[in-house]
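These are the structures in question, set out in turn.
The same chain A turns up in both complexes below, where it pairs with chain B and then with chain C.
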Partner chain A sequence: MVISNKALRFIIATFVICLPFISFANPETATTNAQNVESQEGSKSGHEAHAEPTDVKSEIKEFINHHLLDAHDFTFNANKETGEHYGFSLPIILWDNGLQMFSSSEFHHGPIADVAEHNGNFYKIHHEKIYKTDASGELTEEHGHPTNVRPLDLSITKSVFGILTVALVMFLVFAGLAKSYAKNGGISSGVGRFFEPLVLYVRDEIAIPNIGEKHYKKYMSYLLTIFFFILFLNILGLAPFGFNVTGNITITLSLAVLTYLITTFTANKNYWSHMLWMPGVPVILRPVLALIELLGTIIKPFSLMIRLYANMMAGHVVLMSIIGLMFIFKSWIGSSLSFVLAFALSILEILVAFLQAYIFTMLSSLYFGAGNEEHHHEEAHH
Partner chain B sequence: MQIPEIVGAGLIVIGAGLGIGRIGGSAMDAIARQPEASGKIQTAMIIAAALIEGIGFAALFAK
Partner chain C sequence: MDKLINDFSFGLFIWQVLIFVGLIFLLKKFAWKPILDAVNDREEGIKNALLSAENAKKEMQNLQADNQRILQEARLERDNMLKEAREMKDKMVDDAKTEAQAQGQKMIDQAKAAIESEKNAAMAELKLQVSTLSLSIAEKLLKEELSNKEAQTKLVEKLLGDVKLN
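Let's look at the complex of A and B:
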């Protein structure tokens, strides 16, 4: 391995120093603050779905929920008593009779809480969803769900911000790695030395054994991209002030759909003949098998999606609940116990971050390999 | 969330745990018999465990 002992110690030390920040990594969106303002002003919209949390337990629960959800603004830390929150706002982009662009801070600076006015239209943010409303900022509700029109929301939310950040970091790291080969005569330098073994690992241990020498090259760019994309996002979720991106089912869904599309469109004739009209089985069974096989192609990406989402989501929930124990026990025993548990679990989560990136890439390459398998089963039968 | 759903989710998680335990145990056996193939066995073990784990998580979140 290229990692020296010193570097490893440095990484571990940095991680330990950063541990206390994890408890601040839980953005509390300003909706609760806004509710305070609302109740103080005595406005008529007293039908908010969730009431102000009264005890520590429900407060922790709300905290975790806000951490797991996507948000329209980026909050590092919030002080509920003074109503201050530290962070920055993100752009809101809506498609509502033309492009509407404004800052998410407008939701909190208008005369009515959670309502922003732009080009004569009024928008209300309710549970991180944007609804069109009128000047009074009222939402018509039915069975607890607002029935107002929802404009097409293309905002740069927290998750999109995370994805863009990771894309930028990946571009800088790997462009630097590629350039260093030309500069140093085929030897990587700097941070690229850490990533070179990983790139080689993806090629030699994941792509070649599963796809085969002949076809693996055309899939390498995709496999490396998802491997590092998922790995970086998982690590971002564990970093101080980080947030949960891969624990968001829409993101894992789009990754799984990409794998499905690539498998479907690069598969060869042999793959389709085995799927639709299986050779070597009685003709009566062939349509049944075709149905099962077609269902299987849908289930494969579905399980990819669920696995990544559930692993990251469960990891975050457990880690934050253990940190939350600190506020429930309020004694030195509880705090130190919670710290030790959170420390051990954080290390486990780093392992899971690598493992999930590996599994996603591995299974994707297995599916690509199945789509490219050559016609060779005759020898196996005789 | 009703009681049968909780019990069902629990049963599935128990099943998944037993399955992963079996995979791990068998992999240990295999590695003890053929230490030189440990890399390949580990890879296969992780894939099989991940497939089962997916079911366990699906049960937990579907409840």
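Let's look at the complex of A and C:
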């Protein structure tokens, strides 16, 4: 890291200061002109292939749904009147007979809406999924799902962008914290200092009590990374950028899979013997128990996945719905009431952000601890 | 469930796993290990410092107790020495006294014996002198008396006259 600390801070500060000018989602202009938009939609080279919502309620619903999904471009705000999107496009990377890379803006610049042409192939983006089509951009649908071929989509989507940002921030913060110890004679300094108590909390209150003094060290990297990764992404989701990364099933699935894999591959003999051939129970019951136990190992990470996903998703849905209520009420009392509610809920969501990070880390360490349990209740079985 | 499966994106999954695993290893090398090491070192340092302070305190107390003990011993020794010296002095004085007394007594006895013998000698001499002297006096007297015939005759007459009266 050769970037000067001061310059970096200045850049970040400037960026944060500029955020309000570009980022606040402002559906009001869109809602007040809902009718207008609809009439004009035909003439525009539309940005959404699906039917535009006709009233405020369904527009809000559509807006929320759009927010909850991953996206292939980064839109801070859209002016539906002029059809302009404020944001930036992200790279699309497809694996379709070789690597296909182009900008997401190509979906909007072609002659047909949401269809991009690259190396002679035509791709259509439909509900943030990319399908291979012909030049006309038609999708053959069956049971409401398109049956067109979907190439492997390795695009840098909004979520990937968010993950990369968080990864970078985490690296800067914690590498900085690590360096500050050497510089400051064993006492942390700088931004990282704020996170030192959290690091210690993860070690002393999560890892050591659940895994045990003996084995906890090998899991620390994973537990700390996952804790701060979830925490930072949760907080990022609350910031007005429109990220919903931890409320994405793919992300929570991958985290749960990692926890499952680590539990499975670092578990000791005792864990497996208790799982596959439970000592101390009649032999006939043992295969049944093994089945239940094996199922349990999969249910545990599954519950991790669903818990984080559902919590963050629900938080975003409720928060955005209440914000949306402001535009439905359109009265001083109702709108200000829902503002107060949204404000209170935002604070609650900050708590949830910390809580979910804590719970995910706690349960992961609990599973690791179970995998590393010593053979101490031997006498009970004989 | 259908919605969940529909929401799943394989590309995002690959990115997430790649970035996340990469992040774990990067942070492990550049952040977690140094941070935990530093924190551990610091905690060890604090623990050691407290322990050594406690030890120093104990040592100090021991030292003080030692000092006290040594002082006490020294004092005791001094007292003993003083006592011994005093005893020795007393004994010496006593010894000297008794010896002197014995010596004195002996000298007195000797002196007494000498005096006695001297006295005896002197007495004997005196006796001898007195006898010779009285003899010579008697001789002289006798000579004197006998030389004066008239007086002698008178005396003899007188003595004879006394005898007749009886």
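Just so it is clear, the second predicted complex is superposed on the first by the 327 of 382 C-alpha atoms of A that agree within 3 Å, B and C clash if a C-alpha of one lies under 4 Å from a C-alpha of the other, contacts with A are read in each partner's own complex, and residues count from 1 in each chain.
One rule holds in what follows: a residue touches a chain if its C-beta (ideal position, glycine included) is under 8 Å from a C-beta of that chain, and two chains touch if they have at least 3 such contacts.
Remember, it's a predicted structure, so these values are computed and weren't measured experimentally.
Overlay on chain A: chain B and chain C fit together in the combined arrangement. Of the two partner chains, neither chain B nor chain C is touched by A:Leu294.
Once chain A of one complex is fitted onto chain A of the other, the partner contacts of A:Leu200 are limited to chain C, with no touch recorded for chain B. By the document's definition of touching, neither partner reaches A:Val169: not chain B, not chain C. Of the two partner chains placed by superposition, only chain C is touched by A:Ser155; chain B is not.
For chain A, the partner that touches more of its residues is C, with chain B and chain C as the two candidates. In the superposition on chain A, A:Arg307 contacts chain B only, with no contact to chain C. Taking the Cα centre of chain A as vertex, the centres of chain B and chain C in the superposed model span 70°, given to the nearest 10. When the two complexes are overlaid on their common chain A, residue A:Leu363 makes contact with chain B while staying clear of chain C. Put simply, the nearest alpha carbons of chain B and chain C end up 6 Å apart when the two models share chain A.
Per the touch definition, chain A reaches chain C in the complex via residues 69-70, 93, 129, 145, 152-157, 159-160, 163-164, 167, 170-171, 174-175, 177-179, 181-182, 186-188, 196, 199-200, 203, 220-222, 224-225, 229, 248-251, 253-255, 257-258. Put simply, chain A touches chain B in their complex at residues 205, 303, 306-307, 310-311, 313-314, 355, 358-359, 362-363, 366. By the touch criterion stated above, chain B contacts chain A in their complex at residues 43, 46-47, 50-51, 53-54, 57-58, 60-61.
Contact residues on chain C toward chain A in their complex (touch as defined above): 4, 6-17, 19-28, 30-36, 38-39, 41-42, 45.
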